[in-house]
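Down below are the structures I want you to see.
After this come two complexes, each holding subunit A, first together with subunit B and then together with subunit C.
Take a look at the complex of A and B:
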């Protein structure tokens, strides 16, 4: 029997955007307040899991055509790449640098290479969590 | 002014705590799953809402930081709290949990039987 779950679908459509906004906030707030790549990645993964719970797995795969194993690989590559990027400038592995920039709408902001490292962590967490959950949900493996 | 703000904060926190205690009392005293879902989803949502409003006013007026995450949390709880109660009550109904004997009418039953027959 096809159970009518229009309330859940309608609400999830709004709530996913709130969760993704919070994830991006947590990611960017990580340097000066609680948050960071790990938490941001987990919150993004929870938004995706909410979509998977509410809609069909094929439908979500059509909407988010991302191979999460590749996302995890890209994250690890990015995190290691920021480490080797500092070697290219003649300093030790994983040395981080930061500089103040003037961004038109946001004003004076400090941009650091730590953010790229954290982006790698976030992508790795999203990829690993989603790979685990989707492969358990599918059951027969691929 | 400070006295007024403090009393608003105290009133809000007290109301929130009152509603949450009422939720606990309802969960213990109500007879079946549906009335308990009613108590848990409505009253707990309102209780958490009042407590978050009190916390927001405290940080805004006393500490001087405008914390928009609390506003987002209020909106989020307000949207998702009742939905959680709804989904749990539906899951209980479809898995065959009987309502209490004092129930006088069951509107969902005919529809559920009709859907099951038409399958």
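Take a look at the complex of A and C:
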């Protein structure tokens, strides 16, 4: 039996982008205000899950051809790796630095190494959440 | 320099991640694992030397000063355990190279073992009680995966018990931390110790201390060890060896750390209770070791006896007993890893699990047979092996504090260990062989090598006590006098 889900499909096409935009906003808002890599990653994962719910697994896999286990691993690598930056500069492990830059169009913005750490966290969250959900949905894969 | 302290936690995590990308390159994985662990052993030795000369070190993550930030504390006790844990892991890995099937190696067994080591090392080094919880979880999550990896029926059955027990324990841990934070208002262990000292003997804090005791007793197998013999006997041999050698030690470390540093106000309640629990653990462990014929169960109950013996030190509560406990813990890690590896190898060679179904292994595998003698003598605590030094010092400590009951039961348990293993030795190692020459299973060299090297480490700890002892007494001094620890963290 095929259910008629044309409304869902149409809405999701737009909503996914809104969710991803929100995720990016939350990601950059982090550190000094509510948000950050963990929340951003969860929101990104929720967008992906919505795609999986709406379209079938094969189609989404064709669209996002990544192994989420490796995404998670890459995330951990990045997060732990930023710790080594502080080792190179001879300060305590995981010390972060931030500096104000003038970026054309955006104006005065503060860029910090903590963003790289948060990116690692976000990738880990996306990778882990998607691995869990997809492997439950697929039954026994691999 | 202080960044060196983060390496026992960070290096294995980083390498575990790298190995995930190298999933299909088995030999590259093996080389990387060995190199990482060797580097970590080197770093731990440097760190130990450094702590010995300069006193307790601390690393404030991200530069946040205590008591606000999360920190790692390298005191001699923690660093000694990190060193031994890494050595033991190295040889369990070497053993694993020849016993894991290709499928296992591709199922992320090595990365998980490294992550477990990271959690163990983190738990030893951390100076923040919430971070201790996090490191416990890192270790436990890896162990959940390792215990179920392979998916045999009995593995799934035991892993379910193991996971549920540990989740409940973790939940209690979190509740206990919340109570503590609500009462004292800090999570830094040195700061907690300081504030508890200011408050004095407060019944509320004693209650919280008992909460922590339940949690760590569940994790360390003190009295609440009902889950232990089952779950330690189902995973593949090298993983079981790591479990037996490392996991209970973390619980024991946490008990010793919290009850020497933080909860010292009412020893007549807390320390007395720990002593009683330790004595019951010793008796129950001895009964178990005598009751079973399955050698994996015998090994698991030997782990429980070890837990009881070490924690007798808290009842004595003096420097000699702590020195004995530390020495015995180091010995126990090596000895238990060796025992599990040997028992696993016996099952591998004979395809039998009960010792009365085996016979005459020494005829075909002479060196292996002698190694069983070594582990038996070592675990019983006879010179020249490592158990002896720890037991002597523990005995001195117990006599000094007048705890003769603990003394009698602790040393009585040694006799039981000897008897339980001697039975296995007489039946399985000696006697007429039942295996014809042509049916003989070849014993791979790396398996034998790792067992022999662990035996050598035990011999080294026993014969070179003069070299190891300065570090151990350093560590014991910190345990006996918590103000050294508090001053090192909050004084600077």
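Just so it is clear, the second predicted complex is superposed on the first by the 142 of 142 C-alpha atoms of A that agree within 3 Å, B and C clash if a C-alpha of one lies under 4 Å from a C-alpha of the other, contacts with A are read in each partner's own complex, and residues count from 1 in each chain.
Simple rule for what comes next: a residue touches a chain if its C-beta (ideal position, glycine included) is under 8 Å from a C-beta of that chain, and two chains touch if they have at least 3 such contacts.
Note that the structure is predicted; figures quoted are calculated from it, not measured.
Peer 1: So, A:135: does it touch subunit B (first), subunit C (second), both, or neither?
Peer 2: Neither partner.
Peer 1: Please work out whether A:18 is in contact with subunit B alone, subunit C alone, both, or neither, and reply first, second, both or neither.
Peer 2: After superposing on A, A:18 lies in contact with subunit B but is clear of subunit C.
Peer 1: A:113 contacts which: subunit B (first), subunit C (second), both, neither?
Peer 2: In the superposed model, A:113 contacts neither subunit B nor subunit C.
Peer 1: In the superposed arrangement, does A:77 touch subunit B (first), subunit C (second), both or neither?
Peer 2: Once the two structures are laid over each other on A, A:77 reaches subunit C alone.
Peer 1: Classify the contacts of A:69 with the two partner chains as first (subunit B alone), second (subunit C alone), both, or neither.
Peer 2: Once the two structures are laid over each other on A, A:69 reaches subunit C alone.
Peer 1: Have a look at where A:8 lands relative to subunit B and subunit C in the superposition and call it first, second, both or neither.
Peer 2: first
Peer 1: Of the two partners subunit B and subunit C, which one touches more residues belonging to subunit A?
Peer 2: Between subunit B and subunit C, C touches the greater number of residues in subunit A.
Peer 1: For A:94, select first, second, both or neither according to whether it touches subunit B, subunit C, the two together, or no partner.
Peer 2: second
Peer 1: Determine where on subunit A the residues touched by subunit B overlap those touched by subunit C, and list them.
Peer 2: none
Peer 1: So in the complex, which bits of subunit A are touching subunit C?
Peer 2: 69-70, 73-74, 76-77, 80-81, 83-84, 86-87, 91-96
Peer 1: Which residues of subunit A touch subunit B in their complex?
Peer 2: 1, 3, 7-8, 11, 14-15, 18, 21-22, 25
Peer 1: Which subunit B residues qualify as touching subunit A in the complex?
Peer 2: 69, 72, 75-76, 79-80, 83, 86-87, 94, 115-116, 119
Peer 1: Which part of subunit C faces subunit A closely enough to touch in the complex?
Peer 2: That would be residues 2-3, 6, 10, 13-14, 17-18, 20-21, 59-63 of subunit C.
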